[in-house]
Amino acid sequence: MAAKRVLAIGAHPDDVEILCSGTLAKLVKAGHKVTVAHVTNGDVGHYFIPAKELAEIREREAAEAAEAIGADAIGFGLHDFGVYDDWDTLHKFTDAIRKAKPDVIITHGPTDYLFEHIKVGQITVAASYAAGCPNIKTENDFHDNIPPIFFMDTVGGIDFKPTHYVDITDVMDIKRMALSKHQSQLKWMKERWDTDLQELMESVGRSRGIQSGVKYAEAFTQYQVYGRFKADSILPI
Amino acid sequence: MAAKRVLAIGAHPDDVEILCSGTLAKLVKAGHKVTVAHVTNGDVGHYFIPAKELAEIREREAAEAAEAIGADAIGFGLHDFGVYDDWDTLHKFTDAIRKAKPDVIITHGPTDYLFEHIKVGQITVAASYAAGCPNIKTENDFHDNIPPIFFMDTVGGIDFKPTHYVDITDVMDIKRMALSKHQSQLKWMKERWDTDLQELMESVGRSRGIQSGVKYAEAFTQYQVYGRFKADSILPI
Amino acid sequence: MAAKRVLAIGAHPDDVEILCSGTLAKLVKAGHKVTVAHVTNGDVGHYFIPAKELAEIREREAAEAAEAIGADAIGFGLHDFGVYDDWDTLHKFTDAIRKAKPDVIITHGPTDYLFEHIKVGQITVAASYAAGCPNIKTENDFHDNIPPIFFMDTVGGIDFKPTHYVDITDVMDIKRMALSKHQSQLKWMKERWDTDLQELMESVGRSRGIQSGVKYAEAFTQYQVYGRFKADSILPI
Amino acid sequence: MAAKRVLAIGAHPDDVEILCSGTLAKLVKAGHKVTVAHVTNGDVGHYFIPAKELAEIREREAAEAAEAIGADAIGFGLHDFGVYDDWDTLHKFTDAIRKAKPDVIITHGPTDYLFEHIKVGQITVAASYAAGCPNIKTENDFHDNIPPIFFMDTVGGIDFKPTHYVDITDVMDIKRMALSKHQSQLKWMKERWDTDLQELMESVGRSRGIQSGVKYAEAFTQYQVYGRFKADSILPI
Amino acid sequence: MAAKRVLAIGAHPDDVEILCSGTLAKLVKAGHKVTVAHVTNGDVGHYFIPAKELAEIREREAAEAAEAIGADAIGFGLHDFGVYDDWDTLHKFTDAIRKAKPDVIITHGPTDYLFEHIKVGQITVAASYAAGCPNIKTENDFHDNIPPIFFMDTVGGIDFKPTHYVDITDVMDIKRMALSKHQSQLKWMKERWDTDLQELMESVGRSRGIQSGVKYAEAFTQYQVYGRFKADSILPI
Amino acid sequence: MAAKRVLAIGAHPDDVEILCSGTLAKLVKAGHKVTVAHVTNGDVGHYFIPAKELAEIREREAAEAAEAIGADAIGFGLHDFGVYDDWDTLHKFTDAIRKAKPDVIITHGPTDYLFEHIKVGQITVAASYAAGCPNIKTENDFHDNIPPIFFMDTVGGIDFKPTHYVDITDVMDIKRMALSKHQSQLKWMKERWDTDLQELMESVGRSRGIQSGVKYAEAFTQYQVYGRFKADSILPI
């Protein structure tokens, strides 16, 4: 199998780490090239650290987390609560996708817990199509592919009926390590909302594992519309 | 990959051929052992041929169709409109499953067009569990597996949201051949209901192909309950 | 609030313990009278213990588990794989319900992992209506109520969108104790299927807890059809 | 338009009157021949009238109600809580359908409030297919049609997403009259359960009317599986 | 129980009154503080009254309606058809929520009949999260809560499967009074569209009452995503 | 039946031709006046033709295709990937609808394969309401109707559960002709993506025909919210 380029687009720094970094680690181990994108700089995700300082901290954390997975990190440079479906945003997404030239994209689905997550998923879908169209002009050249898309699990696994489960048992340490890089979030969520993100991730992973007969798993649905997926060559028995 | 035993359970002779024989042919080509089961003997499926004679014809057609695929054919010996959820029927299904000892089962799902199809699916689910339980006594010894189940497409592809598509382009001739063995049905459906089963099969196959980016495809959903499926080892990118 | 009678009807001994015994323990603590029913005697739930002996073991385990919760245990006396929708079974359910005279019933819902669970839920719904009709004659006198019904979570929490979560954090020890009484199942599931039922229960409970903002929770849906539920007197803010 | 034969199959005497007798009255007025069937004799539908006496009362009431609509009444002769999916019941339904030879059938759908309603719908679907098959032998000769089916609204309109609404404003008096014939039910429901069936019917009819822009309406879904419906000749604008 | 702050956000003046003012009246009676918000000034909701004059009339009507309930009224000051998902609108919503500091929010859900209703619901969800984040700067200080949200019924009760019903029988007079304050709408809807809003409200309320076993009810669903709801302490039997 | 005005609004030139031009041709034949609208000028729909030149080609193709159906063609003048839910776009849609003054609208539904299709559907819904409101000022005078809306099939027929099928067998030649006018698309899709749009259209049409008992059909759902549809006068048997 030829190495592929995988682009995981999460709304905020840490979303990808919580929801699908185990799968990304497995893809890296299998020889694929993985890029982790965070659409916003995460500048609202804290109680008292000012936005600008926070953004810097979180960009650094995102870079370290991606490194733990063996992936590249990129940011789209939007502000938290700054994702809106308009021409500029579409072009930002489109150019970032063109730069990464993914063979497959992973992003948020339509039932996640934040409206911003949902919008990131919608704009990613649109931009990944635009990226393949020469007449849409951005800094980077157009992509020669309109790639398949997988939607990652929702936070807490609520209202999500997976079509795919991935066994992440043997990369759980990498996932734990990647998430541990987001210290600003781990501390804030604990102090402000009494939420232990590591334990949440661990428990949801175990729950998805129980459902699919392994120790730990991550769950996905595939985006199934015309032109975005291909029949298997055989039934995966 | 080790060769596996695949059991496809259709309600009537010809259901499996219409709905998933392309996939079965691919599994045979890949070295797996496939058994095609028809629960009833099809003795009501004609306008004027008497039941007993019709049953004989259809058993013969089923055998020839299975042979075209490279599969074995078995019948559970029930009458058309004779499938009910009771102790005897459960035991018949259980024993037949124990004889085939499948690693995976394919059967009808909950939205197909005949109540008898739906019941075959339900009883198959129950019996495939019973087959693995030593305290349920039937002629054949208990099975050491409670296998995963896939539900095949509905007739006409109505009200069915696939989770899996299989590319059957290169085995369409085998599928056409297998279906052609059911001459009693092809003629009856044409004369009585003005339905060309070959063309129906061809059109639905093409339609599923369009949806999944290939020439011809068959569609399935996986039965996802506790204990019946396992996480993939990696995301199928 | 007046003490109420709660009847939890699980298909097999241990289903209620796994899926809702925390909630039952809370109801007992709140002064309600709880009865735990197992429809079958569980005589197929083991690898090598013969059916009759197994049934005795499991009745005993069921009694001990109910005692741990502070509930009564009753069995409907059917065999495993012996639940079918017929006149006799309806009357057995009806009479058992009349004996317990519940103000509310908890049972399996339509998406659980065993067809037998689903059928227990369906027949319970029918029988709980029949129990209130004098012209249906059984040993016990008719019930003066057609009670509301809650469906408990599915095994593994798959394909279940809860409408109600109950915080069971402070009764988890009771739930663990109740489940521990089903030694025949804990050992069999571990040895035969490598499943640790206690850990499964613990993990699903934690996962439902994460979803609903507490340490451990159990999930339910309410059966919402005409005549079976009543508006709240105020929005539960 | 040629006159057609319409068969409405309700589980119990009064179900059809409550749920779709306005539509039936309109069909009668348009020149169609309508038959109202009640599967059971309603012998459990009362608090203290003995079953046999009650069945006689209800058969009489059913006849009078059908007459008010301008329809025929037939009973399948089963007991309340006596509807099970087995060979005998299928044949009873099949023979009754063959006698009525309907061009269209109306019955209960899969989300109604009584399991017996749901089963009546399921067996009707199966039997209406069997009725067209010569090799299924019953007293009446086979039917030359496998008719389209509409499912009527649920009691209270709960969990029912209509695909069709019918304006019954100008036949509401007929509907009120038809329902008024079921005095045994009107009184029992009022005295035992404090339910005014006439007002319930009136309110649900008004609610369905509000939804569809008329004074009073009844709601339906069409049973959409292969072979059971036909494309419109033009979009109903 | 401590008094709580409840904020009901409707798209236009009169939406809240039609869809949930009975529940609000009950909350007021129970000692809670209720604020009724209308996002737009309603300046398009008439046939011939000019926008500016109409907005003044409707603000007055909104104030009187809220007073009838015992609630405060606030307007977000947008124009009809002026609700779009952008930065300014988010900040307007956020600041209004911060001013009201609600413990619980009621707003429109995703299946209501106007796109503007749906967008108000989406932006409310986003803004209620933003309101709790110090790094989002608006005139009012940040809120210390990311409150639970309930979605009110749709107009006409179409395509809405409630999870909660509230008995409003004893406050129907207050609801009638509150709605009666919207004279501009009652007259316009009657003259222009032949719709009697009072009767519509009355009929839907009665229909929801029939479904839930009371005289009049209002229906809701709870917004169930991570972090927005909490398990009950006991099953509401 | 009086002639009606039908407005079909597709996102791009060719969408309407692929998805519902058979139905439109039938409406034209029945004497109705049909307008085909394309929201964008299609300037991104090619591999190497520059945007401006492409837009001119596609406007011409759209005009010819509409002519083949017997319809008028109009463009809203937006760019591809230029459809966003904002004030200006709403007004453009509103004014176009006012100009066409439709009795019924056909547009894209919420599950189609491009986000731009979905948004066109959403804005059409909003604008068709705004068009009837005098206080929304655009170039054309307000419309006296808030028309019913039908959603056309998705591309490939994926994730679409039709409520209406229209038999287009006798106008298939017109549909083929109309689509053939979009030569820029037929060639581009073939050369760039190896997709034969004519064959795709033909196959989906045949598949919808099989489902609905005719040779070729098109599928629709009706937009069912308050105020947008009316009960039938009789059940369409």
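In this document, chain identifiers A, B, C, D, E and F correspond to the written order of the chains, with residue numbering beginning at 1 in each.
Simple rule for what comes next: a contact is a pair of C-beta atoms (placed from the backbone, for glycine too) under 8 Å apart; a residue touches a chain by one contact, two chains touch by 3 or more.
Being a predicted model, the structure only gives us computed values, none of them experimental.
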Which chains does subunit C share as contact partners with subunit F? A, B, D, E
Of D-F and D-E, the pair with more C-beta contacts is D-F
Copies subunit A, subunit F: same or different interface, half of numbers shared as the threshold? different
Top of the farthest list for subunit C, CA-centroid basis, is F
I'd like the Å distance between the centres of subunit B and subunit E, where a centre is the mean of that chain's Cα atoms. 52
Distance from the mean Cα position of subunit C to that of subunit B, given in whole angstrom: 35
Which whole number of Å gives the spacing of the CA centres of subunit A and subunit C? 39
What positions in subunit A touch 2 or more of the other chains? 85-86, 156, 158-159, 210-211, 224, 226-227
Strictly by the criterion at the top, what is the full list of touching chain pairs? A-B, A-C, A-E, A-F, B-C, B-D, B-F, C-D, C-E, D-E, D-F, E-F
Listed in rising order, subunit E residues that touch subunit A in their complex are 85-87, 90, 122-123, 125-126, 129-130, 133-136, 224-228
If we count contacts the way the header does, which residues on subunit B are in touch with subunit A in the complex? 4, 6, 23, 26-27, 30, 32, 103-104, 106, 148, 150, 162-167, 208-214, 217, 220, 224, 226-227, 229-237
Where on subunit D does subunit C make contact in their complex? 43-48, 50-51, 54, 80-82, 84-86, 111-116, 119, 154-156, 158-159, 193
Complex contact set, residues of subunit D against subunit E: 156-159, 161, 200, 203-204, 206-207, 210-211
